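Structures given as structure tokens follow.
What follows is a pair of complexes built around subunit A, which joins subunit B in one and subunit C in the other.
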Partner chain A sequence: MAIDLQLLNPILTPGLVPQRVVPVRFARSATGFSDVEAPDIDDHGFIVTAHGPARGPVVGVIKDKTIRVQVIRDRIDEATQLFVSTDDASIADIIFPEAGTALSPNDTPAASDGSTPERKADCIYLKGTSSASSTAEVLIKVHFGAAGGPVVAELGVRAYPHLTIRVKAHSVSINGTGPTTTIGTVRQIFRKVSDVYAQAGITFSVVGGMQAETVTGFARAGMVSLSATADSQNVELQTVLNQNPDHNMLNAYYFGHYFDTVDTSGGAAGTPDMVLGIAFSRRQATANPATVGFPGCGVGITMRDSADINEAAHTAAHEIGHAMTLEHYNNGNGQSGVVGDVRQDIWAHRDLMHNFVNLVNSDPAVARYKSSNARIDVGYGNYADGRTMTGQLLMNKLRAGIFQSDQVNLVRRAFLNNAYKPL
Partner chain B sequence: MIDVEVARTMADLMGLNVLTLATIPLRFQIAPGTAASLGIANVDFAISFDGSEIASGQTTADGEVSIPLLALMGGSPAVLRIFDTDFNLTLHPGLQAVSGLDGRQRRLEHLGYMTGYQLVVIGGDQPDDNTDGPRTQQAIMNFQMDESLTIDGDIGNQTSGKIKSKVGGV
Partner chain C sequence: MTNDQIIDAIRAHDWDVTSQGRGAPPSFGALIQAQLSGYDAESRELAAECVADWNGAGAGSLLLSMTADIEPQVAAAAAHGLGRVTQLPPIPTIVAEIPRRQEPFVRGQLYKIVGATRNSQYLETLRAVVAGENSPDAQRDARRALVQLGGQNERAEFRIRVAQAKPDEAMDLHEDLVAIADPRLAKATLPWLSNGASVMRIGSDRSPAMARMCDVAVWTAFLLKIPAAITPAHLAIYSPKVIADVAAALSALPD
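And now, the complex of A and B:
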């Protein structure tokens, strides 16, 4: 099918630069919640000079894992033969299409004898092959017409050495009331969290069962009351985080509910369950040591019960980001909890560290919806109650002008610095 | 501009006159923008008009094809065949002010930022591109990123000025 293209008349509009046409682009190859096989790609701008030679988007991959990336025929015919190559198969190899075979614009069904799996139309299947102890980079190239034909698109690939974070789950009974979350649920949650962090080469492993913790004397049974504006100074919250932390693991504390006494939108006494989770890294713990009447800021994540596994997993992934030193994806200053400063553009909604794990149902005309005339549903799916999910871990590129733009690398650095382990 | 060899109609029929025709440059690139070394070089192309081929060759090192302006001034579109793809080429009626939606979308398309597809999978009921919808916002942000501007997805004075200057013209 022919593509219509309008050109500006340089006689009527003197001084024009040549018009550009980009025939081929890349996109995520799936919709819905994070999928270890179909990661979102970092497309924050096109020219990458700070990290690698990529002139396009970047995607992350772990050794021995296969991912797929969608090739978009933006200005090129469906029947045009496109071939794919890797600059270094020892970093990331092309699993499909096979060498010398063009991308197929149609799905390729699995072989009836099970010898080959289904392959999706116009998708590149990449396998991480790097054995290097540090991050390796490689370019994937799309060629026109032949395996050695002109390059029409480039995709940067970061191959990350595999890291494992061990998780200790705690079940906190408050004034005699414990959470409903079970160890089975926790394992489900962290399998999904591992899908989110596959982009960074990180897997989470829940060790043992849930450790029972008991606290008493809290203001409300089964609830952690938040009474200070700074969560790092909330006594009940920090009391929970100080319950028998394992110093070699990420500690995840589960209890029934939060009760926010600072936020009175739910009533004069406060608001229950406005908060889904709260977390702290070593840096915050160091800055908030124990004093008389205050146990000191702990390191780890706290989570309330949630009947929705996607909400619980998405929240845990976001809170782990905080424990790994990441801050909210705001307008460049990383302020947390300042609603008026929340970015509401398409990149913010795609970011795991967006302030909210769902799109807040508010009037898009109010001032806090900076940069966007709409709350843009970025296709990560919906919670059980229909709310639209935000954010995945996708930021591989280091780009000036975006706060914490290479979150993947920051998280990996935090792992090496033990940022998520108690002091 | 391209040179077209035209047979003389008088006297020496073995000789040739040379007419210089205005052309429109079109660059095929691996990524949007005006940065160097993005061009897709050495790709065969052919341009036809009313069923007759009027020019052919390969893209330059910059990925450029020169489209004869005259071929776009008839009633039917000229056809550029490149990448085994036919492009129906017509003239755009003219640039609108960058402050307007059509003006900024047209300029972002001129620089390769405006896509034909929504690269991010958009769910739900979203505004279409009669507004600054998702495709336009993504194009603006990628432009701002590449040009080291404040990245907010908005067309403010700084961004609109930069878009205008990068595209050139009025």
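And now, the complex of A and C:
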């Protein structure tokens, strides 16, 4: 198919306003909570220094698993035929569309004999095929008009060897009052956490039942009280984290409530349940050793009861990020309003390590950049009470200027380095 | 537990068995080695933990071979275990194996094990291997090892890297400085003391207090036993006075 191009010299045409035309782009092919088959993609700009070689977005896939990525025809008509190729089928192979077949702008129904499943419109189905024991990268290309036609878009795919985090759940009774969270709920939570971390090649496996722990002498029954003391030094919180940790697993401690004695919005004594979860990695533990009257900072996550499984799972996934050495997205930029971070805010809202679990358009003083629909709703659905969920993307492109921009690489390295296991 | 009971527990993915490896008889290593090919990934990972706890004759060699496992989770467990055993395989053997390992993290751990010997006779051999290292993460571990082995060029480069560190490099370099354990290198953190950029959380989502570059420099100086007026008990947000005190102490160090 011929395309007429007119080339203009910008020096000889001073009135020329350059425009970057993006005929085709890629997007997450699902809405709502993370879908293991439709991961989000890291589409931070085009310039990368490592981890993700594509001049475009990058997506992660686990070895032997199939994912789909949506192709968005931004400046190309539906009638235009688009073909897809992989630079190396031994790293990630294209399952659909089949070789020599164009992307279909309409859904393709499942075969009547069940031999092939339904395929969604304009979606590329990719399978991680790498047999390497380390992460492998490959480019997927979208061609215009024919299988060998010009490339109009590139998608980087990182194929990850599978990693498993074993989880030991603890049910903590505080002054005789235990949590309502059961082992069944914990298993539900971690199935969803696995959906979130599939983009990094990591799944979670809850081992055994819930181990009963008993602590006494706390200020409030069923509650861990938070104070002006740093949480890494909070005796009640760290006492919980030091209850019989399993040294080969991620330890997840469940109890009834947090009680924040600093936040007085709920009354002069403080506010219950302003916090959903708190986590610490080995780095924090190493930096906060035991002293007289202080048990030392533990490693793992602490969670309070939540009746909303999505809220509990999103929070657990976020806290696990902290236990794996991640800080908030770009150190809180995109939310704080104190840095020139307007450019960062949508990515911040899409990111699992955003400062908050939900997005609201409320007080401009604290929610400075949450005033447009795109900023309030990033496609991850709502909690049971209607609040809009923050995104669950983990970035995988290393970009100068963004703190911990290669989150997936950091999480995987932290995993291999046992960052989430007790000292 | 008998050898057979441990073997059964490993096959059944019973993680409580790890502490039992410690008392296993001398034949344990050979028995595990014979079982490995029939184990799934989780059992191989568990076996690596048991062998490291067992720490008997041949544990080091067995773990080194297990660092070649196709599953990175198993290979990493073996590499961690190798760092714990008291009888390492010959260091030249470890160095020779490094380029054969696919997973950068595993190569990094092997570099660290070689570096921890602090034996300069391995410097040139390791340098030759490091020259072919293409992973940025493993290169960092390798450079630390070369400093520990006495590489003067690497030491000079390390000082520059510390002095020019970005916030998200600070904790890695802090860990390198503590591992190298040479107080004079702490002087390279002087620029950190005037840097208030956030590095690592010491609070939580509720209280997002972050340790800054300057705080990490103070904590590093404390761990390296740099004499200063105040000794902190933990990493915290330190006062300007504490930071100034550490700056003076670091400035007084020889280059």
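One rule holds for everything that comes next: the second predicted complex is superposed on the first by the 369 of 423 C-alpha atoms of A that agree within 3 Å, B and C clash if a C-alpha of one lies under 4 Å from a C-alpha of the other, contacts with A are read in each partner's own complex, and residues count from 1 in each chain.
FYI, a residue touches a chain if its C-beta (ideal position, glycine included) is under 8 Å from a C-beta of that chain, and two chains touch if they have at least 3 such contacts.
Worth saying up front: this structure is predicted, and the values here are computed from it rather than measured.
Looking at the shared chain after the overlay, A:Gln233 reaches subunit C, while subunit B stays out of its contact range. Once the two complexes are overlaid on the shared chain, A:Thr291 sits against subunit C while remaining clear of subunit B.
Contacts of A:Met274 after superposition on the shared chain: subunit C is touched, whereas subunit B is not. When the shared chain is aligned, subunit C comes close enough to touch A:Ser133, but subunit B does not. Between subunit B and subunit C, more residues of subunit A are touched by B. By the touch criterion defined above, A:Lys120 lies against neither subunit B nor subunit C after alignment on the C-alpha atoms of chain A. In the overlay built on the shared chain, the residue A:Arg191 is in contact with neither subunit B nor subunit C.
Contacts of A:Asn9 after superposition on the shared chain: subunit B is touched, whereas subunit C is not. When both complexes are aligned on chain A by C-alpha atoms, subunit A residues 331 touch subunit B in the first and subunit C in the second. Residues 50, 131-134, 161-164, 166, 207, 226, 228, 230-233, 246-249, 258, 260, 262-263, 274-279, 283-284, 287-289, 291, 297, 318, 322, 325, 327-328, 331-332, 355, 403-404, 409, 413, 416-418 of subunit A touch subunit C in their complex.
Touching subunit B in their complex are the following residues of subunit A: 2-28, 31, 43-47, 55-56, 72, 74-77, 79-81, 144-145, 150-154, 331, 343, 345-347, 350, 370-374, 376-379, 381, 388, 399-402. On the subunit B side of its complex with subunit A, the touching residues are 22, 24-35, 38, 40-43, 62, 64, 67, 69, 72, 77, 79-80, 83-92, 94-95, 106, 110-112, 115-117, 119-124, 126-127, 131-134, 137-138, 141-142, 144-146, 148-154, 166-170. The part of subunit C that touches subunit A in the complex is made up of residues 15, 18, 42, 49, 69-73, 75-76, 80, 102-106, 136-137, 167-168, 171, 197-198, 200-211, 219, 233-236.
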